[in-house]
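Letters A, B, C and D mark the chains in the order given here, with residues in each chain numbered from 1 onward.
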Amino acid sequence: MKNALNIVYLIPLLPLVGFLINGLLRKHLSKSMISVVGCGTILVSFALSIVMFLQVKNGDGGTIEYFNFISVGELTIPFAFQIDQLSSLFLLIITGVGFLIHVYSTSYMQEEKPEHFGRYFSYLNLFVFSMLLLVMGANYVIMFIGWEGVGLCSYLLIGYWFKNNEYNKAANKAFVMNRIGDLAFLIAIFWIIAKTGGVNYGEVFAFAPKLSGTDATIITLLLFVGAAGKSAQIPLYTWLPDAMAGPTPVSALIHAATMVTAGIYMIARSNVLYSLSEVSMNVVAIVGLATALLAATIALKQNDIKKVLAYSTVSQLGYMFLALGVGAYSAGVFHVMTHAFFKALLFLAAGSVIHAMSGEQDIRNMGGLSKKIRITFITFLIGCIAIAGIPPFSGFFSKDAILLNALLVDSHDGSFSIKGIILYGVALFTALLTAFYMFRLLFITFSGTFRGTEEQKHHIHESPAPMTIPLIILAVLSIIGGLIGIPDAIVKGGDKFTEFLSPVIAQRAGHPVSHSTEYMLMGLSTVLVGITIIVAWRQYRNYKRKEATGFAKVLEDKWYVDEFYEKIIVKPLHNFGGFLKNVFEKLVVDGLVNGVGRMVNYGGRQFRLLQSGQVGSYVLLMVLSMVIIFLVQFFLRK
Amino acid sequence: MPITHYIILSLALFSIGIVGVLTRRNAIIIFMCIELMLNAVNLLLVAFSKMHNYAAIKAAADQKLPITEAILNTGSEGQIFVFFIMVVAAAEVTVGLAIIVMMYRNIHSVDVNFLNRLKH
Amino acid sequence: MTITITQILFWILSVAALFSALMVITSKNPVHSVLWLIATFFSISGHYILLSAQFLAVVNIIVYAGAIMVLFLFVIMLMNLNRETEPQKNRWIKMAGAIAGGCLLLVLVASLKNVESASTIEDVKGGDVGFIKRLGKELFSTYVVPFEISSILFLSAMVGAVVIGKKE
Amino acid sequence: MHLLVIDWWLILEKSLLIFGIIGLSFFIAMYTTYAERKVAAWLQDRRGPNRAGPFGIFQPLADGGKLFFKEEIIPLASNKPLFILGPALAMITALLTSTVIPWATPFITKGGDVIAMQVADVDMGILLVFSIVSVGVYGIMIGGWASNNKFSLMAAIRGASQMVSYELPMGLALIAVLFMTGSLKMSEIVGNQIENGWHIIYQPLGFIIFFVCALAECNRTPFDLPEAENELNFGYHQEYSSMKLGFYLFAEYINMFISSAVMATLYFGGYDIPFVNEASWGLNSFWMTVISFSVLMAKISFFLFVFLWIRWTIPRFRYDQLMNLGWKKLIPLALLNMIITAAVILLLKK
């Protein structure tokens, strides 16, 4: 199978072809054709990804160069793909989850007109293409192309229903916030080029030990700002909840499973650089944890089913950054994978709920749905258990790995540092909050009595097979997906995941804790989560609508972060823009431009007199100038 | 003959041409003065060509080197250039005179002072 | 000190060339100007022969005296330009022109002051660079492309002249 | 200390040759006028001049005397200097052309010095003839313009444009000859013909073109439009009288003489005696010179006769016909001739 690498280009190419076919011929193809093209290309890519994965597992990864993308001076940037443990894993997640969501979409988007249906699938395919480019690129520039591509697709898909102005605003917000991060990423790339003279991962990482500490810190911080933009971390997270304006499968694919993990991927990929900078690691860990906590608190009081999931996503991403920040890269990536499963599952299940409720998203208008939409309920429940971290569901293992690693930070001799204990404490608290709001969501939605209108009640039905089958598959994955990362403490020779990634991701040189300590920690978190779930059950099993007050109101209004941004950043910028437009533009810029124009005009008026049209005077001037030039030459020579 | 004699002669002819352009108003005379200037330049080119030829042959003879075709050809560029100048001058005169005739037809004069507008 | 016949001829031809060139620009009658210009060309051709550029000497006469100046004469005769047709220019402008030209000459000659005047032009054995055989070979080997291009230039000039000269 | 470094013998030799040729030219021109009348008379079946001397052979002298003693009239409105310059230029250019023609085989003195029967065997050769012919236009133009007579001016412009137009096919026809000789030197052109046969054999078309053009260059019938009596009275020399008119007329005959000589040299082997090997005769160089000169003169006389013959046989062209013939027939033909010659030479070389 060595030659499988030769056809690796097909993996991104097929979605691109699908994008072109669906995009260009959307008015001529039937919906079923579009579905076949859209899903088929991803399915083939998925199959190829499995081949790649198997090959990498046998240790046959590598870099494939196609052509010189940019060649300037001494800098050569090849268009190359790198297939290794990390990228092949992401390939599997992207194409696998992507395929399921494609299938789900064929049913979910059935009510769209054919050309919009085609547009939707072409965007999806383009997104998959860009995402594949992002993870497969063998250097930062190719990654950046994919990075921009997914940003574009995210914008296009958030604003998919472009007739709704609110949605367009959400799309703009997502795009602008992403751009801020992208700018930092771009600067980081330039910095890398300036300092190391290349952008290929191999070269850069080989050069990394020679980087000065300051450079490493600046580069990694800039990269982190880029990652924060894409992965919705403080302070650039507010776009993600708004991005829920897009169709639900899009939220599942882009804003939960894949695109938002691009930042994680990037930092995991650059782990060699991060390991050089203590400061950056701390920043990543603290920002990640803060994001996780903040988003979790907001999620407690949200009433929109997708918003809750969105904040939960932000929170989980914060978790992943925490993992990266404490140097547990493989734990972070592991959480990416499990998160992809259960968050996609939750989103799709939420989509199924919304479908059943004829587009209603407010959980206050739901309740008691568990009987009517059985499959959705069960899969949603599985998702909740997984995210809450009940063993042996997938979320438990990945979250536990993160918690353990957080606790172990800075520990050298088996005892825990203050920092580790604080990180662990806050992280555990966040985990409890997670369990709480997820089950709050579950109970408000599915238990108690139905609170919606009669019409909705009449309409409630289980979703068709193309929607439920992906749900079931994802549910199964959510249950067993964590087992590949099962810790050494439980199964002898476990933690295959870290072992698999070890060629790409440096292992932290920490002191392993004793198995008994691990059991104790697992038990502690499991028991606490269990208690939390029971509390949630008691509180929300029979939910009654009531206005939030006091602190709850603050949480419901998301800590007023949007308003804060509005006041601190948007307003002043807006005012500054107004100042520029009304005062600076008019007086200075226009003044300059008009002044130049007026000066030229005046000068022309004066010089026009020279332009008499008399050939003789021209020649006379020419001769005189020649005389002067010769004289100057003559005297200057001496 | 020293080359400076030829240079000065050419410069004098050239300057006379310039003075002609400056002082006359008849388009044809001005045109002729331009031809005169071209010829002054031609003369200089031929003189230089001869100078280089002489110098090359003399240098070869002084150093007892065999006189090759290349040495004999030294300076021929100058004369070829003159040839091309003549070609271009002839082409220029054909078009230029046609224009002057046209101008005479339109304004019944060849005085360049009447031609100080871009349109009529 | 011996004076060679070349030197005598040089001075005679130089004086002739300068005198007739001056007459070109001072003659009131355009036809006289043309004829003086032809005389200038003949003197220059004489110089070419002195410089053993025989080919150019003959071509100069054929092209300039025999073709170009005939055209000038044609145009002048057809337009019937006499001395009355050229209105007098402002005397000051004439003065300015003459002074400017003089200055130019002065400056150019002055700039020659530092030139090493060791370079001389003599006839040497084998110095047949201006002979038709050598020039012809050079022209049709090294410079064949410009030569062909100049033929196209000629053709276009001819077409242009016909188009311009045609009455609407 | 020499003031001038000059080979006086060369000067003497060349001066003698120049004066000899000029005298010869005048003589021939004079008697061509006589021949013209006689031929005209013969063709018209009458006697022609027969009063001055036996057969009227002193008639040209009488004509010359008449012209000398006629009253000199210079029109008031004319441009006097140019009026005088015109005929002078015509005469000078006509005479200058003879410089490069080789008149006979070189004469070798007892001392072994070779005296070429040619004023200057320059590198440019035939090109020099062309340059002088092209300057010849000015005689007509200046004369016609200076007369300040519109008929003269018209005739002058006609004549000039005719000459300029016919120079082109003439030159093109000549190029075909030059392809064969590979040199512009007149002596080499003759030598080539002595070796390889006359050019008329290889270049019949070229010769015909050249001949027609020569007729036009000399303003001879059927191309004597500058002198067309019925349209332009008497042409460009209408205002001329006395010896100035004589100069113009003389120049025309000298031109005829020289073009005959050029044609004989270019196409008919110059001074070469046909069909015989002169070298086997064993004559000394003086007699060889004399014989070859006579042969050349015989050829020239033949051409002169043809000129006269044509004049009294073929009617005059119209001006547009003249231009059509020149630009649309002769130039393409000459080009064709040139290209074919070039192609054949290339083929044979391979």
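In the analysis below, a residue touches a chain if its C-beta (ideal position, glycine included) is under 8 Å from a C-beta of that chain, and two chains touch if they have at least 3 such contacts.
Owing to the predicted nature of the structure, the values given are computational and were not obtained by experimental measurement.
Remark: the per-chain Cα centre closest to the mean position of all protein Cα atoms belongs to B.
One finds 33 Å separating the Cα centroids of chain B and chain D.
Centroid to centroid, with C-alpha atoms defining each point, chain A and chain D lie 100 Å apart. If each chain is reduced to the centroid of its CA atoms, chain A and chain C end up 80 Å from each other.
Look at where the CA atoms of chain A average out and do the same for chain B: the two points lie 75 Å apart.
Residues of chain B in contact with two or more other chains: 18, 21-23, 25.
Among the residues of chain A, those touching two or more other chains are numbered 616, 620, 623. The set of chain D residues touching two or more other chains is empty. Working note: touching chain pairs come out as A-B, A-C, B-C, C-D. Those residues of chain B that touch chain A in the complex are listed here as 18, 21-23, 25, 30, 112-113, 115-118. On chain C, the positions that touch chain D within their shared complex are 1-5, 8, 29, 31-32, 35, 38, 54-55, 57-58, 61-62, 65-67, 70, 73-74, 77-78, 131-132.
Of all residues in chain C, only 6-7, 10, 14, 17-18, 21-22, 24-25, 30, 33-34, 37, 40-41, 44, 47-48, 50-53, 55-56, 59-60, 63-64, 67-68, 71-72, 75-76, 78-79, 81, 85-87, 89, 93-94, 96-98, 100-102, 104-105, 108-109, 112, 115, 117, 119-122, 124-130, 134-135, 138-139, 143, 146, 150, 153-154, 156-158, 160-162, 164-165, 167 touch chain B in the complex they form.
Within the complex, the chain D residues that touch chain C are 1-6, 79, 82, 85, 122-124, 127-128, 130-131, 134-135, 137-138, 141-142, 145, 153, 156-157, 160-161, 164, 167, 184. Note for the complex: chain A touches chain B at residues 612-616, 619-620, 623.
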